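After this come two complexes, each holding subunit A, first together with subunit B and then together with subunit C.
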Partner chain A sequence: MNKSRVTLWAACVFIGLWLIAPTLIVIPMSFNEQRSLAFPPKGFSLRWFENFFSDAQWLGGFLNSVQIALLTAVLATVLGTLAAYGLFKVKGIRESIGRNFLIIPMIIPSVIFGVGLYSLFLRLGLVGTLPGFLIAHTALAVPYVVVTVGSTLAAYNVSLERAAWVCGANKFRAFIGVTVPMLMPGILSGAFFAFITSFDEVVVSMFISSPYLQTLPVTMFAGMQREVDPTIAAAATLIMITTTAAAIGGILSQHLKRKRT
Partner chain B sequence: MSTQVIGAALSLRDIGKQFGTVTAAADVNLDVEPGEFISLLGPSGSGKTTTLNMIAGFEEPSGGRIMINEKDITDIPIHRRNIGMVFQGYALFPHMTVEKNVEYPLKQHGFDKPERKRATDEALAKVSLEKYGARMPAQLSGGQQQRVALARAIAYKPPLLLMDEPLSALDKALREGLQTEIRRIHRDLGTTVVYVTHDQDEAMALSDRIVVFNEGRIQQIGTPNELYKNPSNEFVSQFLGESIHLDGLIEEQGSGHEFVRDDFRLPTEVDHRGPAQLMIRPESVELISASSAEQSGPTVAAEIIDKVYVGHSVKYMVSCRGGGGVVRSRQTDVDDFTIGQEVLLTWEAARSRILPLATSAKNGEES
Partner chain C sequence: MSTKQSRTAVLAWPALLLVALGFIVPVAIILVMSVTDPQPGTQNFEWLATNSTAHDIMWRTIYIAVLATLITAVLAYPFAYLMATSSTLVRSILMVVVLLPFWTSMMVRAFAWIIILQKNGLLNTVLGAFGIEPLTILGTNTAVLIGMCQILMPFMVLPMVSVMVGIDSRLPLAARIMGAPKWKAFLQVYFPLSLPGVFAGSLIVFILSLGFYVTPALLGSPRQQLIPNALFTQVLELLSWGKGGALAVATLVMVGAVFLLLFLVAKVMGIKIGKIGGGL
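And now, the complex of A and B:
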C-alpha cells in the first residue's frame, strides 16, 4: 500500500468516526452503573433499561412512537405513491410545480411548521390526539415517499402498463397488478423512511403533544430538562436500534429490483 | 383443436396527430380487410408508430375516427378495444411467470379457470414454449421472450393484433425464424394484423399489403409487388428496394409526353410537366462495356464506383450524370467490371418507371 492510499484510508476513517461517534457514545452510556451522563461510563449494569421498561412514562412514549410511526408509514406510503404516480403522468410545468409543492414540508423549518400546526390544531381540538400526530407526521413523511417512488418510476418501462391495458385491464387493475409490483422497491424503501421520519421527529411533536399523548423523543426532551437521568441514554439506544434497522430495511429494499431483472 | 378467429375490419378515417406545432401524422386513411396482414412501413418519425398508438388507444387522435367492424372506437378506452399487442421491448411482466403472463389477458377478459388453463397451454404450444410455463421472463433468451409476448397477445384470440417492431431487438437469424412463425400463426388464427416496421425486407416478407409512411403521411398503399414494381413516388421507389435513378424532365411532345435527358428520351404516359425521375430496379439493368456496339434500348454512360460480391450475384454501385444507384449482375456473367471503369447502362424501356418529382417544397412539417 503506497503512502497516498494510507492517507486516503486515514481520512475516511476519521470522517466516518466524526459522523457516527456522537451516536455511538450513547450506547456505552446506557450501560452506566452510576447515575450520571458523564463519559466514559463507570461499571456495567442494565438498570437504566430496566427503569425504561418499568416506567409507564417511558414505555408509554415508546409504544406511542411505534404506533404513530407504523400508521404514518402506511398513510404516507399510500399517499406518496399515488402522488409520485400522478406526477409521473403529467409533464412540464405542472409536474415541477406539483413536485416542489409536495417537497415543501421537507424544506420549511420544523419550528414554523410546528407553531402553525399548533394554532390550527388548538382550534380543531387535535392537540395531543392520535389523528393530530398522524396528520402532522404524514405531511412530513410524504416527501420521502414521493422521492423514493419517483426515482423508481423514472426507470419504469411504461410499455408494461400499456401491455396490461391492451390485455384488457382497466387503469386501476393495471396499476395494482403491474405498476405497483414494479415500484415495490421504491414503495418499501419509502415506507421505511416514512417510519424513521415519524419515529425520531421531535420539534413538531413537542408542539402538538400533551401530557396524555407523547412520543418517545418528546419524553426524552422533557426528561433532559428536568433532571439528569441515564434512562435517556437507554431510550436513545432503543431509538437508534429501531431507526438503524428501518434504514437498513430501506436500503435493502432499493436493491430488491436488481435481483429480479 | 384451435378455432379460427374472425379477423376485424379496421378503418382509419382522416386520422391525424398533432404534438404542439409538430404534425406526427396527418390525413391517414386506411381500410384493412378482415384477416389481412398489413404493415406500416417507414423511417423513424414517419408517423407509423403514432398511427399504431392511435389504433391501440395510447394516443388520442387530434382529428378523425377509428372504426373496428364499422363501429367507432375512437373514444373507447384501451382495455375495451379487444386488441392484442406485441411490443418492441417484449413488455413481459417481470414479476409473473411465463404462464401467468400469457394468462393475464384471459383473466382480464373474464374467462373461467379451466378455459384460461386450456387457452394458455394452447398459446404456449403455438410458439413452442409449452415447457417454459413455470419460468420467469428474465430466465429466457430474447427470442423466447418475444415468443411469450406473442403467445400473450394471441391467447384470448383478439380479432385485431397490433405489432410494434416486434423483431427489431433480435439478431438476423432469430428474426427470420420468428418471421416464419408470425406468418404461420397469422395463417392459423385468421386474425387481422397491423405490423409496424422500418425494415422493408420484413414488410415485404410478411405482408399482404404495405402502407408506406413518410413525414407523417401515407405515401402509397399496395401489395409488396405493386410497391416494388410501381412505386407512386420517388420516396417509395428509394425506400423499397434498390434502384437506379436518373434525373430528367417531362416535356409535352405532340399529343403525349416524353421523359427527356440529353442522352436519351423516352415516351411516357405520365401527364406532368417539369422535373422527373426515371427508376429502374437493379435486376432490370444491364451493364455493358463502353465499347460495346449492341444497344437495343436507351443507354446511359456511367462509372463503377464500388463493387460487392453477394453470393450468387455481384452488386455494382454506379454513378452517372444526374443519377446513379445499384446494379446486380449474375456471378456467371462473363463481363466482370472493375471499380473506376466506364460502362454503359442499358435496359428495356418497358421495365423502367418514370416518376414526377414533387415541385412544391415540404409544407414545413416535421415528423
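And now, the complex of A and C:
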C-alpha cells in the first residue's frame, strides 16, 4: 500500500470510530453503581436495570413500544409489499407517481407531521390510543418497505410467476406461492426496518402520546429533560441492543437476496 | 392489458390511502392553520416576516444546515472514495459501519453525546488528564453540529458511493499515463466525475438538516432554537397553532426549493433520483 492510501485508511478509521464508538458509551454508564452520569462510571451494578424493570412508567413504555413496533411492522410490511407489487405491475407514469407519493413521509420533517397529526387526533379522539400510534407509525414505516421490496422486485424474474399461471395456479395462489417467497429477502428486511422505525420514533410519538399511553423513547426524552437518572442509560442500552439486532437482521436479509439472484 | 393492470394496481391503494389520510391530511391541516389560526388572515406570516426572534431562528436553521452539509461532505468524501475503490468485502464491511449507526436510535446517540460532552464527561476527563482546561461544548451549536453530522453521514456517503462506483478507474489511470501527477489526475479527472454524488448527497443532507428536532433539543441551548424546536414550543407551550403553521410552511418552502434544485441537478447531470433513494 502506498502512502496516500495509508493516510486515507487512517482518516476513514477515525471517521468510522466517530460514527460507531461514541454511542457505545451508554453501555458502561448503564452499569454504574452511583446515581450519576459523570464519566468514568464507578463500580458495577445492575440496579438501574432493576429500576427499569420495576418502574411502571419505564416498563410500561418498553412494553408499549414493543407491541406498537411489532404491530406496525406487520401492517407496514403487508401494505408496503402489496403496494410495491401493485406499482411494479403498472408501468409508466402511474408507477412513478405512486412510488414518489409513498416516499413523501421520508422527506417531510417529522415535527410538521407530528403537529398536524396532533391537531387531527385531538378532533378524532385518537391522542394516546393504540390505533393512533399504529396509523402514525405505519405511515412512517411504509416507505421503507416499499423501497426494500421494490428493489427486490427490480431483480425479480416475472416469468416464474407466469409459469405458475400456466401450470394452473390462479393469480392469488401464484402470488402467495411463488412471488412472495421470491421476494422474501426484501419483505423481511422491510419488516425489520419498519420495526426499528416505530421502535425509535420519538418526535411524532411525543405529540400523540398521553400519560396513559407512552412509548419508550418518549419516556426517555422526558426523563432526559428532567433529571440525572442512570435508568436512562439502562433504557438507552436496551433500545440500542433491540435496534442493532433488528438492523443486523435487516441488513443480513438483504444480503440473502444478493446471494440468491 | 390495461384492465388487468388497473386490477393489480388496486393492491397499492391501501398504502396510498394510508399515506394520503394518515400523512398528507395532517400535514395539510397544520399548513392551513397558518392562515386560519387564531383568525383567518396573514397575521402569522407578518409575524414571521417582521419578528426579529423568528428571523434569528430561520437564519440560524439555514446556517446550521449549511455548516452540517459542508462538514458532512468533507468527512464523507474520503470515506466514500475508500468504499468505491476497495474490494467487495471491504466495501461491505464499510457499508455496515455506515448503515449500523443509521439504524441506531437518534435519542440514544444524543444521550451518548451528552455523556461525552458534558462538563464532567468523557471529553473533559481525557483533556483534564493532559492538564487542559475543561471545555463547554454541551448546550452550544458545536454540540448540535457534532451530533447532527454523525447522524447525517450515511445520507451523504451512500449517494457519493453510488456515483463513484460508476466511475471508470481507467480514466484517472489514463491521465497518469499521459504524465499527469497523481493529485492532478485526481483533481481534474476523478473529482469532477464524482460531483453528481456530492451534489445529490449535499442536497439530501441539507433538506434533512432543516428538520432536526431531537438533537438540537438535547444537545443545544433553548436560547438558540432552530425551526423545528420553535415550532414545537409555539404549538405545545404557547398554543399558537398559527405561528407553528407558518414555521411549517417556511420549512416546506425551503425543502421544496432545494428539492427542485436536486431534481434539476439530477436531470442535468443524468443521475437517477430513484437510485439515490433506493440506496437509503
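Criterion: the second predicted complex is superposed on the first by the 248 of 261 C-alpha atoms of A that agree within 3 Å, B and C clash if a C-alpha of one lies under 4 Å from a C-alpha of the other, contacts with A are read in each partner's own complex, and residues count from 1 in each chain.
Convention: contacts are C-beta pairs under 8 Å (C-beta built on N, C-alpha and C of every residue); 3 or more make two chains touch, one makes a residue touch a chain.
Quantities reported herein were computed from a predicted structural model and do not represent experimental measurements.
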For the three-chain model obtained by superposing on subunit A, do subunit B and subunit C clash or fit?
fit
With the two complexes superposed on chain A, say which partner A:34 touches: subunit B (first), subunit C (second), both, or neither.
neither
Touch check for A:107: first (subunit B), second (subunit C), both, or neither?
second
With both structures superposed, pick whichever of subunit B and subunit C touches the larger number of subunit A residues.
C
Consider the C-alpha centres of subunit B and subunit C from the C-alpha centre of subunit A, and write down the angle between them to the nearest 10 degrees.
90
Considering only touches as defined above, state whether A:210 meets subunit B (first), subunit C (second), both or neither.
neither
Please indicate which partner A:20 is in contact with in the superposed arrangement: first for subunit B, second for subunit C, both, or neither.
second
Subunit B versus subunit C as contact partner of A:94, first or second or both or neither
second
Considering only C-alpha atoms, give the closest distance between subunit B and subunit C in the superposition, rounded to the nearest Å.
5
Please name which positions on subunit C make contact with subunit A in the complex.
5-6, 8-16, 18-20, 22-31, 33, 75, 78-79, 81-82, 94, 96-109, 111-116, 118, 120-122, 125, 150, 153, 182, 207, 210-211, 213-214, 218, 228, 231-232, 235-236, 241, 244, 248, 251-252, 255, 259, 274, 277-278, 280
Tell me, which parts of subunit A touch subunit C in their complex?
4, 8-9, 11-12, 15-16, 18-20, 22-26, 29, 37-40, 79-80, 82-83, 85-87, 89-90, 94, 98-99, 101-113, 115-120, 135-136, 138-140, 142, 146-147, 150-151, 193, 196, 199-200, 202-203, 207, 217, 220-221, 224-225, 232-233, 236, 239-240, 243-244, 246-248, 250-251
Subunit B contacts subunit A in the complex at 56-58, 77-85, 87-89, 91-95, 104-105, 108-109, 138, 152, 156, 162
Touching residues of subunit A toward subunit B in the complex: what are they?
157, 159-160, 162-171, 173-174, 177-178, 181-182, 260-261
